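My questions will all concern the structure given below.
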Amino acid sequence: MNTLIAITGLGIFCLLFEILNLRKAIIPFTILGLLGVLALNFCEFGMEQSYYNNMITVSKFSTAFSSLFIILTIFLVALSHNFYHNHPTKISDFVAIKIFLLAGAVAMVSFGNLAMFFLGIEILSIALYVLAASDRLNIKSNEAGMKYFLMGSFASGIILFGICLIYGAMGSFDVLEISESSLSAELPIWFPIGMILVIVGMLFKVAAVPFHFWAPDVYEGSPALTTALMSTLAKVVAIATLFKLVSGLNLISSLENQDLLHTFEIIVVVLSIASMSVGNIMALRQVNVKRMLAFSGISHAGFMLMTLLTVSASAGVLLYYTAAYALAGIAAFSVILYVCRDHDNEDITNFHGLGKTNPLLAAILTASLLSMAGIPIFSGFFAKLFLFNQTIQAGYIGLVIVAVINSIISVGYYFKLILAMYSKEPNQERTGKPFLIYAAAVISIALNIALGLFPSLVLDLLK
Amino acid sequence: MNVSTILIILLIGAFATYFSGDKLSSKVALLFSLAALGCSILLLNNYNAGENISLITSWINQPKISFALNADGLAMAMVLLTAALTPIIIFSSFGNEYKNAKAFYGLILFMAFAMTGTFLASDGLLYYIFWELALVPIYFIALIWGNGDAEERRKAVVKFFIYTLAGSLFMLTAFIYLSQKANGSFLIEDLYKLNLSACEQFWIFLAFFLAYAIKIPLIPFHTWQANVYQKAPTVGTMLLSGIMLKMGLYSVIRWQLPLAPIAAKEYMYVFIALGIAGVIYGSIVALRQNDLKKLLAYSSLAHVGLIAAGSYTLTLDGLRGAVLQMIAHGFVVVGLFFAAEVIFRRFETREIAEMGGIRTQSPKFTSMFLILVLASVALPSTFNFVGEFTVLYSLSQINIWFAVLGGTTIILGAYYMLRMFQHVMLGETNSKTFADVSLNEGISFAVIIAVLLFFGFYPKPITDLITPSLETILQVINKN
Amino acid sequence: MGNILNQIGIENYIFLSVVLFCIGIFGVLYRRNAIIVFMSIEIMLNAVNLLFVAFSTYHQDAQGQVFVFFSMAVAAAEVAVGLAILVSIFRNLGSISIDSLKNLKG
Amino acid sequence: MIHIPDFAHATTVQVIFCFLAFITVITAFLTIFSRNPIHSAIYLVICFFSIAGHYLLLNSQFLAVVHIIVYSGAIMILFLFTIMLMNLNEQREVHRPRITRLGAIVSFCLIVIVLITIFINSKPIVGGYDSTGEDFQSIQVLGKILLNEYMVPFEFASILLLVAMIGTVLLSKKEKLNNK
Amino acid sequence: MDTNLALILVLTPLLGFLVNVFFGKSLGKTVSGAIGTIAVAISFVVSLLLFNQITSTGKGIQVTLFDWIQISNLKINLGFLLDQLSVLWLLFVTGIGSLIHLYSISYMHDDENMHKFFAYLNLFIFFMITLVIGSNLLVLFIGWEGVGLCSYLLIGFWHKNQNYNDAAKKAFIMNRIGDLGLLIGMFIIGSMFSTLDYATLQTAVAGASDLNSPLLSLAALCLFIGACGKSAQIPLYTWLPDAMAGPTPVSALIHAATMVTAGIFMVTRLNFVFDAAHDVQNVIAIIGGITSLVAATIGLVQTDIKKVLAYSTVSQLGLMFLALGFGAYEVAVFHVITHAFFKACLFLGSGSVIHGLHGEQDMRKMGGLRKAMPITFWTMLISSLAISGVPFFSGFFSKDEILMTAFHHNISLYVVGSIASIMTAFYMFRLMFLTFFKEFRGTEEQKHHLHESGSLITIPLIILAILATFGGLISLPGNSWLNEYLAPLFSKAAGEEHHLGTTEYTLMGVAVLGGILGILIAYIKYFKQDNVPESDENITGLSKVLYNKYYVDEAYDAVFVQPINSLSKFFRDYIETGLSALVFGLGKVTNEIAFQGKKLQSGSIGLYLFVFVLGMCAIISYIFLAQ
């Protein structure tokens, strides 16, 4: 709860700084503030508590994920400095929106009441709509914003309808009450329907097939930093929330009571396979790096959906997977931001010869791509390993084999980029070594590798 | 002192090389590889003295993954192979100028690190991690410093990477499955204790087989090999053929057979036949190759086919012969590829048709090349003969026809190798000048040849080293 | 005053809401004019609001109605942002047909 | 089970419900089918009013009032402003490909059928509807709940609105290009 | 002491090899030649010492150095066995070897790579000694392959000529085919008796209950295939005539006197195995007979002086195998020894001729050399008489014993052998007449330079001629020192002594008559009628077939070499590409799916939402309406 308040306060401070003409101090201050919030959040770790009539429930799950969100936001704010270099008047708005978005995100993983959940997801979505469309003179950005907005509101409507049905079944929005009464025998069918509708809405947010179509278009059209945010923070938030919904509302046992669990699991398996396959296969032919990473994100969503099959045990695995994925994503996007800052597109050709002109950045991008592909020592590998381990334990060996095949396909497009960096001649001068971008890239990949070397640090947090 | 020292030396060496700058890097790399060699010899000494040089530290709790390195005789032999070949390979590259040499040599040491780790790891997952790690440096070595048309090279290298990764991911799945059965432990001892049903074993065997058949490679999974060998820089080719292939073969013995013994016994004939088919196929394809490195690649295919067949016999002879042959082949193939490189340095071609007549210009080189050729065709008194004889003998114990068919390697091998030798070295004096071998080159050759001849007459040290551990593995295989 | 649902039945409210909700969905799919699409989304949200109130009565519980307030706030915020995006698209493209938004594809 | 409407013995409430429901659905359709956006907007207002009627029917007067103020007042005005700002009329409507319409109709039918079938198949509500007799939807009660139990979401909603506000400003504000 | 002697025996030639390899060039030609010769001579002396010891004690010496290869049921030492057989072989290997080394100092003096030549020769002697004195089959195999290697190196000694290199390669590969047989034979024996050691093996075979088992026969057959390869028997004989590409001393040493007899050595060594496999013995006899006849027929029409001698060698080897097939090992050994003498002499003599004519080998361009090269002529004449079986020359005794043995076992093979002998006499004298009599047919310049070779060449010739004359004394009919000497080796009572009865004398007479008949025909045809073989284009009919060696090489080429090469091309161009395409194809298919998939991602919100709604409907209806 304190985290949420602190984050909100920080956002308002950002706005105040603009009024007080302290524009230059905004980013350093925000980063420091976020670090403080992170510390605060750490202090809350392990204290199971609920606040304000159970509106906010602080648990290990919520604090762990909140910390991850805060870390990601720190990186994203740090990257803002160079990205919004040409928009000095708007920088406070951008930063403040990101901070509020973080507040929404934290609310989404620590909600104790569906109202908080709904408001959290709306804050997140609206902030994202704005950020997607924020390059207002760019027609692509407009289009991305519009697409995201239309489809996102549509999904919000469905989530709202789902919440309504849950309320109809339970007579309450309180998570605890709902999870208690979800086991009762005379449950109206409204509850599972409502849950499914909410899940469908969340699947849209995590961009799982067949609700994924927005992702590539929006990722491509949005300003690169927004894409970074969507593909890391937003995706992680969405999957974590989805996980929390399924586990917190006791959906699995409820479905079991009604003999619906089996079909539900089949649905999860099918969606997971579809997401992985579609994401990976479609990414093969992409030339725009952001678009490629969008499809990669879709496939990773498929992987992460596998955790829904083993809800009771896989919170730690999900945290690990999301952390690994998001940190790799941040590192990758830092490099993309650097490489494409003077270009109006993010085609692979921009990356030609990066290995010669900027070996460090090329190495970082390579490392992050290897992590996403699941090559050992990078945490992406361990993420997949733990996930597969968990899934095989639950008996879904076929699913794991499909996932393995998909991992193989994914190497194809990740390596396309690596090939471009190392085996093509540089086609342009790349000058300047913006400190913040380098720092963000180095730190995020270092964290990624550290996670790979000491997986237990994160994995055992939620035990 | 335990086996992790050698890993640490190599890893530190990799970074030290990278940070020592382009000029010094090759020397630094050589220094560290020699240090690793020294360390491994010390360790061998300790091992022979009966000291415990293994290491087990817990790493990840759930699933239980340990940082477990175990050096038994077999692993020790392979580590020695790696440690001995790495300095030779590095030293052999001294005649070449590489752009960005620090990264190049750093990657070589890193690869040596990963390969050594693969041989030492006694935890399934740790082993897998090293296994995959070894793949990354060679990918970059082949991609960046390779030769030939860039587009072709990219294709070949990416195919190689994806292909081998594909195989090993199935192995990973098998490992995870096994660890489930072993209550979440990946430790090799725990996995050895499992009693799996025949059906489970079949699938696990198959998953492992996919990984190893691609890595080794066995036909028909070999299509990456010739192209990558051809396109990679010779140093990369040496690493690939000299050591990395052996990773696959070693893994067959260490992991595949003991973990799925029933399946191994059940389908023994199939896999032996596959190995022998590789012998014949590789030899025949090698006959009509125009590119020297490709020819050597196919010869390698033939040789490893025989080694694999030996391993799948599940007899002590087969395994022992396979290991001996692995070591012998490691040295020979490095020597042969180095010879190809020596020619390339002077003629700037790998086309056999453009060579010839070198013998009149450089008799020294010719002699050394000939000895390598002869070792490759397993002339008695070379190390390769010891291995090949043992393997063929073990095959004959299974079925005499296996030995006959596998034995065609000595005919076909002689045919393509001598044909190659004739066209490369003999004939009218070449119009291009062929400078005599330099001292550096000569030293590399001499070391390799000395090893081959010494162990050709006196393989006992190696046999004694590996036999106890092979017997242990056989006990696991035959536990039911 | 007795419960009004005794006379109408909660099912009828559900059906009404579902139909209204689906009309909203239909509108989003059917129309290319972004404004009308926005309106359709509003219809969807209103259908839900209606159901909230019905359930609120059903449970004799005020929380449902409180939720409607939030839902309205969300709707208002969405419309504001949506229209802002729409205006900037209109400025750039001179059209508000969502069919003209097909630059991003593939 | 679905109630077969007994039109002969329908109570007043039932008649009103049916009437309002009819109006709501029809105007909703008309909103979508109208060629002129302004007509659509007006139909939508009527639709909103009929929903407000439902609220009244359910005895939640406060919500009905708020609904009318927010939707018919604020949101519709926003729509109308935008429509007029862009000077839209029916000629602006681009042609709709037949496939789109077909798809829309198909999916509409599909989703209606699916949802309705599920709800029909569901277990019927047993027994009548309780009436505790307590006041649960007066302004007073709503206010108490909103500012006690739901204080945090209430505050949080303000952040939502703040974000929307910043966002709209961000999207519409012209920058002073002082660098170039 | 014995170990040291054995090591000196083996290692001296190796030392000679090493010295010549590393320092030969700087030492100068004569010195390097001398080193090579002395190294072999030392071995010869040691052999003599050993021979002395063996004859006095009558027991073999077993020397074990160290463990070599460990196989579960086999333990293979690196060790030597010096017994009657191996010492006998050593004597003539090192003896003739020394003479040929001596000869080569002069013969190879003009070659720039003379030190290499001596190095290779020394290496050869080293491997040959290893072959002979190895105490088990695997040590034999070292020597076996090693001499093959040296043969390869020496045939291709003039490596600038790719035809020579082809011949060398062919020799090596043909040998390797035999080697595979030998290996397989070893495998079978190893798995049957758990040993490859001669001594243990002999006891094991003697103690085995069911001899004549098919497996043992198979082993014997495989071993015989090995012998076929090394000793140039049908079907693996074609390499030997080609091997004449090497310098003539090489042909004399390797391809006539020593290496090619390795097969006979091996069979004799393993006589107890072959005795236990009668079927295989029959096969050996038949193949030996046929080889001797076929090679002799080809030899009839060859015009290259060395080719004639090569086919003669094949033919003689065939005769030896004929004897082996009948279990008359000592007879075969006897012929090996006499053959070594006269064939070495013949080759060296032809080398002298070639040397004198500056490399000319075609007999059609020789003639009348008798006067210019008297020593060469006389020594060669003696050897020719010996090979033709003229009485009281060494060849007469040995050949006669073979034919006699054949007569006692199988008449038809006796006939075959006799015909081959007659032909031998014919073509040898054809060679003599064409080379040494009549007028010189070469160029003026050659004629001008005609001269007798130097003493380093003639002395070995003379010594060998003496040996060829009197070599028969070691095994006179009825009173055979050799048989006695070799008796401990053989399980059977050292051959049934042939009583010199009427039959025997008749047979001798027939053989002598046959030999003289052959000589006469040659005399008439090439001396009286003054025929000179036609030039290549004009050869027709049967002689064309013979001249082209029955087209065996071409047949092998068409049946084995070409198919393998085409197969190789086929694999390379189709299978490899196909497999590769299959792998790439997977990638391509995925890519194609991606390409089609891109079309679905059309950018239309309507479509996206449509799929969204459909997906939602599908999920809901599956979960709630599926039952």
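To keep things simple, chains are lettered A, B, C, D and E as they appear, and every chain counts its residues starting from 1.
To be clear about the criterion, a residue touches a chain if its C-beta (ideal position, glycine included) is under 8 Å from a C-beta of that chain, and two chains touch if they have at least 3 such contacts.
Everything numeric here is computed off the predicted structure, so don't read it as measured data.
Chemist: Provide the labels of all chains in contact with chain B and in contact with chain C.
Modeler: Touching chain B as well as chain C, we find A, E.
Chemist: Using the contact definition stated above, find the chains touching both chain B and chain D.
Modeler: The shared contacts of chain B and chain D, listed by label, come to A, E.
Chemist: Name the chain whose C-alpha centroid is farthest from the C-alpha centroid of chain B.
Modeler: D
Chemist: So which chain is the furthest away from chain A, centre to centre on CA atoms?
Modeler: With centres defined by C-alpha atoms, farthest from chain A sits E.
Chemist: Please state which pair of chains has more C-beta contact pairs than any other pair.
Modeler: Top-ranked chain pair by contacting C-beta pairs: C-D.
Chemist: Between chain C and chain E, what is the separation of their C-alpha centroids in Å?
Modeler: Centre separation, chain C to chain E: 98 Å.
Chemist: In whole angstrom, what separates the CA-based centres of chain C and chain D?
Modeler: 5
Chemist: How far is the middle of chain D from the middle of chain E, if each middle is the mean of its Cα atoms, in Å?
Modeler: 103
Chemist: Rounded to the nearest whole Å, what is the centre-to-centre distance of chain A and chain E, using the mean of the C-alpha atoms as each centre?
Modeler: A distance of 78 Å separates the two centres.
Chemist: Name the residues of chain D that each touch 2 or more other chains.
Modeler: As it turns out, chain D has residues touching two or more other chains at 100, 103-104, 107, 111, 115, 118-119, 121, 125, 149-150, 153, 157, 160, 163-164, 167-168, 171-172.
Chemist: Going by the touch rule set out above, which residues of chain E reach two or more other chains?
Modeler: Within chain E, the residues that touch at least two other chains are 587, 598, 601, 603, 605-607, 609-610, 613-614, 616, 620, 624.
Chemist: Could you list which residues of chain B touch at least two other chains?
Modeler: Each of 162 in chain B touches at least two other chains.
Chemist: Just spell out which pairs of chains touch, all of them.
Modeler: In this structure, the chains touch in these pairs: A-B, A-C, A-D, A-E, B-E, C-D, C-E, D-E.
Chemist: Which positions of chain B touch chain E when the two form their complex?
Modeler: Residues 155, 159, 162-163, 220, 222-224, 226-227, 281, 284-289, 315-317, 320, 357, 359-360, 363, 367, 374, 379-381, 386, 389-390, 392-394, 396-397, 400, 403-404, 407-408, 410-412, 414-415, 418-419, 422, 426-429, 457-460, 463, 467 of chain B touch chain E in their complex.
Chemist: In the complex of these two chains, what residues of chain A are touching chain C?
Modeler: Chain A reaches chain C through residues 115, 118-119, 122, 126, 129-130, 133, 136-137, 139-140, 142-147, 149-150, 153-154, 156-157, 160-161, 163-165, 167-168, 171-173, 216-218, 220-221, 286, 291.
Chemist: Provide the residue numbers of chain A that touch chain D in the complex, in ascending order.
Modeler: 8, 11, 15, 51-53, 55-56, 86-90, 93-94, 96-97, 100-101, 103-104, 107, 113, 115-116, 119-120, 122-123, 126-127, 129-130, 133-134, 136, 186, 188-190, 193
Chemist: Could you pull out which chain D residues touch chain C in their complex?
Modeler: Those in contact with chain C are residues 1-3, 11, 13-14, 17, 21, 24-25, 28-29, 31-32, 37, 40-41, 44, 47-48, 51, 54-55, 57-60, 63, 66-67, 70-71, 74-75, 78-79, 82-83, 85-86, 88, 92-94, 96, 100-101, 103-105, 107-108, 111-112, 115-116, 119, 124-125, 128-132, 134, 136-137, 141-142, 145-146, 149-150, 153, 157, 160-161, 163-165, 167-168, 171-172.
Chemist: Show which residues of chain B lie in contact with chain A when the two form their complex.
Modeler: Within the complex, chain B touches chain A at residues 59-63, 103, 125, 128-130, 132-133, 135-136, 140, 143-144, 150, 153-154, 158, 161-162, 165-166, 169-170, 172-173, 176-177, 179-180.
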